[in-house]
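Accompanying notes for the structure given below.
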Amino acid sequence: MQTIKILLAFIVLWPLVGFLVNGLGRNFRSKKMTALYGCGQILGSFLASIYVFFLVKENGSQVATYFDFINVGTLKIPMSFQIDQLSSLFILIITGVGFLIHVYSTSYMRDEEPKHYARYFAYLNLFIFSMLLLVLGANYVIMFIGWEGVGLCSYLLIGFWFKNDNYNYAAKKAFIMNRIGDLGFLLAVFYLINKLGTVTYIDVFARVGELSSQDITIITALLFVGAMGKSAQLPLYTWLPDAMAGPTPVSALIHAATMVTAGIYMIARSNILYTMAPGTQGFIAIIGLATALFAATIALKQNDIKKVLAYSTVSQLGYMFLGLGVGAYTGAVFHVMTHAFFKALLFLGAGSVIHAMHHEQDIRKMGGLKKFMPITNITFLLGCLAIAGVPPFSGFFSKDEILAAAFEKNPILYYLGVAGALMTTFYMFRLYAMTFLGKFRGTNDQEHHLHESPSAITIPLIILAILATVGGFIGIPEVFATNSHWLEQWLAPIFEGSKALVEVHAVNHSQELLMMGVVTGLVLITIMFTWNKFSKYEEKNIEETGFVKVLENKWYVDELYDAIIVKPLDGLAVFFKNIFEKSGIDGTVNGVGRLVNYSSRQLRLVQSGQVGNYILIMVLSIIVIIFIWINDATIFRFISKIF
Amino acid sequence: MNAIILSAICGVIMMFSGIFTTNKAIIKNVAIIALLVLIAGNLCQTYSIYTVVVDTKDLLAFSKFGLFFNTIAFIATLVYFILSGADIVAVGDYAAEYFALIFFVLCGVSILSSFNGLLMFFIGIEILSIPLYILTGADKKNLKSNEASLKYFLMGSFSTGIMLMGIALVYGATGSFGLASSAIKSANGISNAGILAPIGLLLLFISMAFKVSAAPFHFWTPDVYDGAPSVFTSFMATIVKAAGFIAFIRLFEAKAEDLGPTWKILLPIIIVATLLVGNITAVFQQSVKRMLAYSSIAQAGFMLFALYSSNELAQEGILLYAAAYSLATIGIFAILVKMQDYSLDGYNGLAKTQPVLAATNTVFLLSLAGIPLTAGFFAKYYMLASVIKNGGSISLVIIAVLFAAISVYYYFKVIQAMYFKEGNAATYEIKSSFKLSLVVVAAIIIYLGIFPTALLGFLYF
Amino acid sequence: MPIQYYIYLALALFSIGVVGVLTRRNAIIIFMCVELMLNATNLLLVAFSKMHHGAALVADKASMVGIDGQLFVFFIMVVAAAEVSVGLAIIVMMYRNTHSVDVNFLNRLKN
Amino acid sequence: MVPLLLIFIPVISGLLTFFLKNGNAAKNWSLVASVITLAVGLYGVFGSQNLSCNVEWLPVLGARFSVMLDGMGKMLTLLTAISFPIVFAATYNNQYKNTNAFYGLMLLTQAGLMGVFVAGDALLFYFFWELALIPVYFLCSIWGGEKRIAVTFKFFIYTFVGSLLMLVGILYLYNLTPNHTFAIESFYALKLTAAQQNIAFWLFFIAFAIKMPIFPLHTWQPDAYEQSPTSVTMILSGVMAKMGIFAVIRWLVPIFPLATEKFGSIIIILSVFGMLYASLIAIKQDDIKRLIAYSSIGHIGLMCAAIFAMKGIGLQGVMVQMFNHGINVIGLWIVANAIQQQLGTRKFSELGGLAQKAPILAILLMVMAFANIALPLTNAFVGEFLMFNGLFQYNIWLATIAGISIILAAVYTLNMVQKVFYGNTTTKTENATDITGNVQLILIVLVVVVIGFGIYPQPLINLTKDVVIAINP
Amino acid sequence: MGIVQILFWFLSLLALVSALMVLLSKNPVFSVLWLIAVFFAISGHYILLNAQFLAIVNMIVYAGAIMVLFLFVIMLMNLNKETEPQKNIWMKIAGAISGGCLLMVFISLVKQATEMNGKTALMKDGSIGLIGNLGKALFSDFVVPFEISSVLFLSAMVGAVVIGKK
């Protein structure tokens, strides 16, 4: 117990130390030191995580409580970590992939001046810290801390090159969109506190029975809103493509491998709640699938290498939510993992390309890079195959598991899912072909400088490529071998609660095999088609029209949001500021003052200086007073109502 | 009785001192000494050390309240002499006579604080008024002064006429000029009071309202205060006015019932009207002197609360109010007299040229505005408290405080001029002794603002 | 004589005085009208004193009730005399400076 | 004993300051004095036992000079004690004409604030309430911006009307107390009828609402904050705004339970609307000071709403937030002051790219800004989390609507950060330098406090727990 | 209708008429003379009421001293002809009307004053008006106001000097 407590503290705090050291020392430490330190910290956490992983293997889930974060009346929110099969898996992914990307960054960011270089690593470490907090937290509040923390880091890293205002806008957009989600998350937490008086996972899941089904539905829905923001689902996905403003390794780490999967983690974590809320589950499934397809369609016509990957990320996340929606929690987590591998790989590959192309991101200006950068080429190709779901690459297994579960729920979901998969294959290979095949379309001096990236970049690529290739084998479906789904067994304790609630009757094997075969066939066909369509791609700038144009412009979603949300709010704000506040409220206040002044100016005219008038007024008022008095004082009575 | 006799004698002494010397400094000092004697005499009676025994046949009745008010009035006068004495003698050639008249006024004050019948009341009012007509016109070459005095005189005598008619009617109805009898009469019901008595009281009330410048009988106040020589304005606006209120209260605390329920309605209207006229009109004044005239109307509105809720809290209150208001106003006028330009702009930047004056003046103004830590706050406090204690209407109190807020508006205009506006306010030469006495007065005001009971403590034994 | 008569008479004189004060602009005449008002009250007081006296006589032949009313009148005359001396002095002073006793010219003091 | 010291150290040192002719002497002297006060305040929080003092004052009126420190009082006096030295140190380089008067008045203000927080007698409370106001009036009118006189005057009259109404209310209650006393206990002991409560409640509440300020009584506030000298603004928003909140908790809610329940909904709706309203306006501001002013209206609105929700957890949140908001907003003002002192402008349109020129300032502001939008692990998060909880328990929809302000807060705060620190430098900022040592030091201290209470808020909660239980068992 | 009644009505009429003439006559001197007439009428009333002392005093002090003083002043300023330029007619009307209203109000009052019904003023009888009784009362019960009124005269005297002296 004690060891685990210390270990977890170490895993979480070690990157924080890295952040502090790099951050504070950024002015007087060499890049080498910084890089070494930045990576070292994560490596430390990674190794610790491996150890923890095995500890968990031995003695299962444990909770390490450190101190009372908030302790008000009946509400107790301890600062405590819960390490179990799920979180141990995630911390492995985070620290592992994180480490690779740190290594990659050392070389990728080397052109920065030392202090910004250090700032970069500080942010990156801080991100790892928050992400670990997110997954390790033993209650929703701790998770929320990490949840917002990663948002902060993504804000900082997207806006890393803060001189460029567009980047800043992108960063701001990301943060605010996340906040919208966070509000949902918070409300869910309030709801829990309001109903159960606790937010600790164990208690909540234990006492879930006390909640009415309606409560559960509301809570889960609100939590899912949070997930929408963080994991870029419809309608809150638009920040993710813009987030590509940040440095490419950041996109790889935050916007592909780890942060954006926080939503999936959260739902997997609270799977019991979701299983008990079929309504929400259906909703999630639909949103997930819709996102998957929608993003895929957009990706079809993007020409910015990172944008394509961004949209594919959104779409893949959609798949994961589809998985969650149909109750394939394992599948979703599985896909998170594989996706972490191959999407990180793809991003890093893209980064390598961009690096070689001197920050040229438009694939129409590329092509034929195969011969210039072989390693990148190979690894990237592997990544594409993985994401396309070609057996036996990792993507195949995870995606297949989700689709199978989807078919289980409702064949339509399945067919649409397959369609999405094919689109994925299409745009990925379009990307690959346009980048690496054909002949080079860039400028000459670009061509001269083309070269393979240094080892600090290629080694992570290779490692990730291997993972992307073989990573799938930890979850071989029943079809091929019994009890071979290691991941499922590993995660079983987490999902047993849900399992108990809904009985899963797997698709019979023959049908599953058939489906696999068909899909694989389709995928291969698509690959061939795109391969030779785009390998001889010639740049022809003819104005696209009709539907294609809509796709190119991403369905005009940003414009739509601008029109229906941003503009009206803006107008309202302006109205409040310039009219309502100035003339309305303040006007009334000043109006009182003006009234006093005005009446003063009028009243002083009575003081005419004429004794005659004075006495006249006196006499008149005497008359009035007496007159009213003798007439039974009715008027006085009336006034007495006032006083 | 001491006070009445002594003040009369002091007046005579001052008259003759004018014959023996023309040195104004001496005259002033004589006056101060005489006043000290007067105060001593009055205190002798207050603490029943020695009292001149005169069988007044029930025409006068000396209460602790009245005697204590005398003390306050005399001390206020002392402060007034000390601060403005030099300016009094500077008004004209008749230094001694001015002091004599002031002493006669004080005689009237002490009568008004002890009358026990309409006869003495009437004589007291007249003794109070007639010297004032003269003091108002003391600056003979100044047309404003003349005009003020004539206006004051005409309207004053007119109100005297009304007062007498009131007295006559009361006499007709009750058959006596005493305060007590009609109180007894009213004890067994308003029905017996008939109509003439209440109407008589109404006329009396109106004439008194005139004396204390309550709307709508306030018209003389701004003109007279504005026209009269500033030093005498200061005297009129403070001691005389306070005395008027004492008379008012002593006259009506016994008789209010005769007016029946309407009484409790008529008064609020008068109060609100007075507050309204005073505060609102003051806002626009450019001349500080005139602004103070209106502010004195506003203050009168507040003092009327003591009449509205005639309980012992109100009595203490009116004493405190008299003290606080008199001290502050005397101080402000003493400074005003030193200014070369009475307009608001004349005060611009006084804080730089005369920091002490500015500071003390600020204290006085804060006191008038009723800001806590100054005596003025507790003065207003007592008024409001007395109303609420009588279960009087909250709404009336709220109206009152809102007007108090308005009063802050114009008092602070002066403060703004002194501290925040650029300019160099021109003053006549100022003795350091003057500054010192100003500081002392300010200190007293602040002390009373923290321990008001120090003043009122006398009443509790 | 019924007391009402005297009351009416006095009030009538009083009102005439008031009218005079209101309608004339010669300071002296205004002042005279004020004197008229005073006299009206004097008359009323005397009448009342006699009224009370008469009421009291019924009970006690030697009663002096009502004497205070007449003495009050006496004091009013005293005061009036004093007022007049001062008032006329003021008017004279005014006249010296402005060569007019017209109250309508008294308008230096106003807002 | 401690409360007396807390009041009289500032009073005496303040009065002495007026006689120090040398400006720097006055500065240092008042800095020292405030530090001493801080020491006493800390002693009051941790060490001391005898925390109340009750002596004769006006026996006739039933007013006693009774001061006492409970949890809330301790916390707020501590806030006051902390904020003054911080302000003095942070604005040490600001130059004022006749410095001694400035610092003297500042110390008197501190005395007034202290008094308000410790007063156990209604009349005394009213006295200090005004005493805190008068010096501020002079401070703002003499040392403020170009529109100072009019603006400050408005501010003064506005608040003065409020406090006069409160005075009427106090008198009203005083008159109802059996033995005619102003003691707070006897006010609590009053059993008021609904009718009585309905009158007196508003008399008190208006005064407090103006002070906080609550929509729609807030219009004096942005102007006043903008026009006052920044060090005064810090006090105004950091501490003085808390007077209103404090007063509601101490003098309103316990005395008028029925009215609180009856009018609570109205007030909460007003406050919530005010939050959104202020946040929206803040988005459109072009001036750092005005932006902070409006943002603080928003935060105060939340506190007020949480109070009237009358849920223990929410009240606890208010307690915590009173302290934390004070710290955070002072931090923001310090940044604003640093910028204005150095660049002579507060307009976003004229700023930009400061992150390159003044990285330290940028980082410190970043922390303050994120504290302002209640990011977790900053102190503000705890308070807002609890307050929203309370509001949520009161009414889900109100809480949801109020929650929108979380988003809006992010919008305007990030706007500010971006426009001031990011992007490219402008003509004004291109030769800016980083902040001076003292400001750095102060800001770092603040940041430490912000993060410290963000990670471990329990001390604040424990300090004020009893008060909450007393109000809402 | 006894002699008393006749005299009463005659004097009342005389008083009212001459009072009206006071404010109607243009020439101040005439006003003074009419006012004297009023005073005489009132003195007549006093005699009817058997208030002899007051009657005499009224003649001596008012008609004698005060009005003569008025006459002196008027002569001194020689206002003895049309001095008064035509004054704003509306003012006059307003004054007259309000004065009339005042009278109306008073009369209605007296009408309602039932407590006065049947009360009569004792005519040509009763000894309180006699100088001896008055003197006794004045120097016994009313000695204090009598003495104090000297202060009034003193101040009036001083005032007259201060103001009047060139």
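Each chain carries a letter (A, B, C, D and E) given by its place in the written order, and its residues are counted from 1.
Keep in mind that, in the parts below, a residue touches a chain if its C-beta (ideal position, glycine included) is under 8 Å from a C-beta of that chain, and two chains touch if they have at least 3 such contacts.
Here the structure is a predicted model, which is why all the values come from computation and not from measurement.
Enquirer: Trace the shortest chain of touching neighbours from chain A to chain D and give its length in steps.
Expert: The fewest touching-chain steps linking chain A to chain D number 1.
Enquirer: Hop across touching chains from chain A and tell me the fewest hops that reach chain E.
Expert: Tracing touching chains, the least step count from chain A to chain E comes to 1.
Enquirer: Which chain has its C-alpha centroid at the greatest distance from the C-alpha centroid of chain B?
Expert: Most distant chain from chain B: A.
Enquirer: Max contacts between which two chains?
Expert: C-E
Enquirer: Centre to centre, using CA atoms, which chain is the farthest one from chain C?
Expert: Using the mean of the C-alpha atoms as each chain's centre, the farthest one from chain C is A.
Enquirer: Round to the nearest whole Å and give the separation of the Cα centres of chain B and chain E.
Expert: Between these chains, centre-to-centre, one finds 32 Å.
Enquirer: Provide the C-alpha centroid distance between chain B and chain C, rounded to the nearest whole angstrom.
Expert: 27
Enquirer: Once you find the CA centre of chain B and the CA centre of chain D, what distance in Å lies between them?
Expert: Going by mean C-alpha positions, chain B sits 43 Å from chain D.
Enquirer: How many angstrom between the C-alpha centroids of chain C and chain A?
Expert: Here the centre of chain C sits 98 Å away from the centre of chain A.
Enquirer: Two or more other chains in contact with one residue: find those residues in chain B.
Expert: 119, 123, 126, 130, 133-134, 137, 140, 149, 151, 154, 158, 172, 195, 199, 222-223, 281, 284-285, 409
Enquirer: Send over the residues of chain C in touch with two or more other chains.
Expert: Each of 3, 7, 14, 17-18, 21-22, 25, 48-49, 51, 55, 65-66, 68, 71, 75, 79, 82-83, 86, 90-91, 93, 103-104, 106, 108-111 in chain C touches at least two other chains.
Enquirer: Can you tell me which residues of chain D touch two or more of the remaining chains?
Expert: none
Enquirer: Going by the touch rule stated at the top, which chains touch which?
Expert: A-B, A-C, A-D, A-E, B-C, B-D, B-E, C-E
Enquirer: Using the touch rule from the top, collect the residues of chain E that touch chain B in their complex.
Expert: Residues 109-110, 112-116, 140-145, 148-149, 151-152, 154-156, 158-159, 161-163 of chain E touch chain B in their complex.
Enquirer: Chain E touches which residues of chain A in the complex?
Expert: So the residues of chain A in touch with chain E come to 612, 616, 619-620, 622-623, 626-627, 630.
Enquirer: Once bound in the complex, which stretches of chain A touch chain B?
Expert: The contact residues of chain A facing chain B are 596-597, 599-601, 603-604, 606-607, 609, 611, 613-615, 617-618, 621-622, 625-626, 629-630, 633, 636-637, 639-640, 642-643.
Enquirer: Provide the residue numbers of chain B that touch chain E in the complex, in ascending order.
Expert: Residue positions touching the partner: 4, 8, 11-12, 15, 54, 56-57, 59-60, 92, 94, 97-98, 100-101, 104, 107, 111, 119-120, 123, 126-127, 130-131, 133-134, 137-138, 140, 149, 172-173, 192, 194-196, 199.
Enquirer: Given the complex with chain C, which residues does chain E contribute to the contact?
Expert: Against chain C, the touching part of chain E is residues 4-5, 8, 12, 15-16, 19-20, 22-23, 28, 31-32, 35, 38-39, 42, 45-46, 48-51, 53-54, 57-58, 61-62, 65-66, 69-70, 73-74, 76-77, 79, 83-85, 87, 91-92, 94-96, 98-100, 102-103, 106-107, 110, 116, 118-123, 125-126, 128-129, 133-134, 137-138, 141-142, 145, 149, 152-153, 155-157, 159-160, 163-164.
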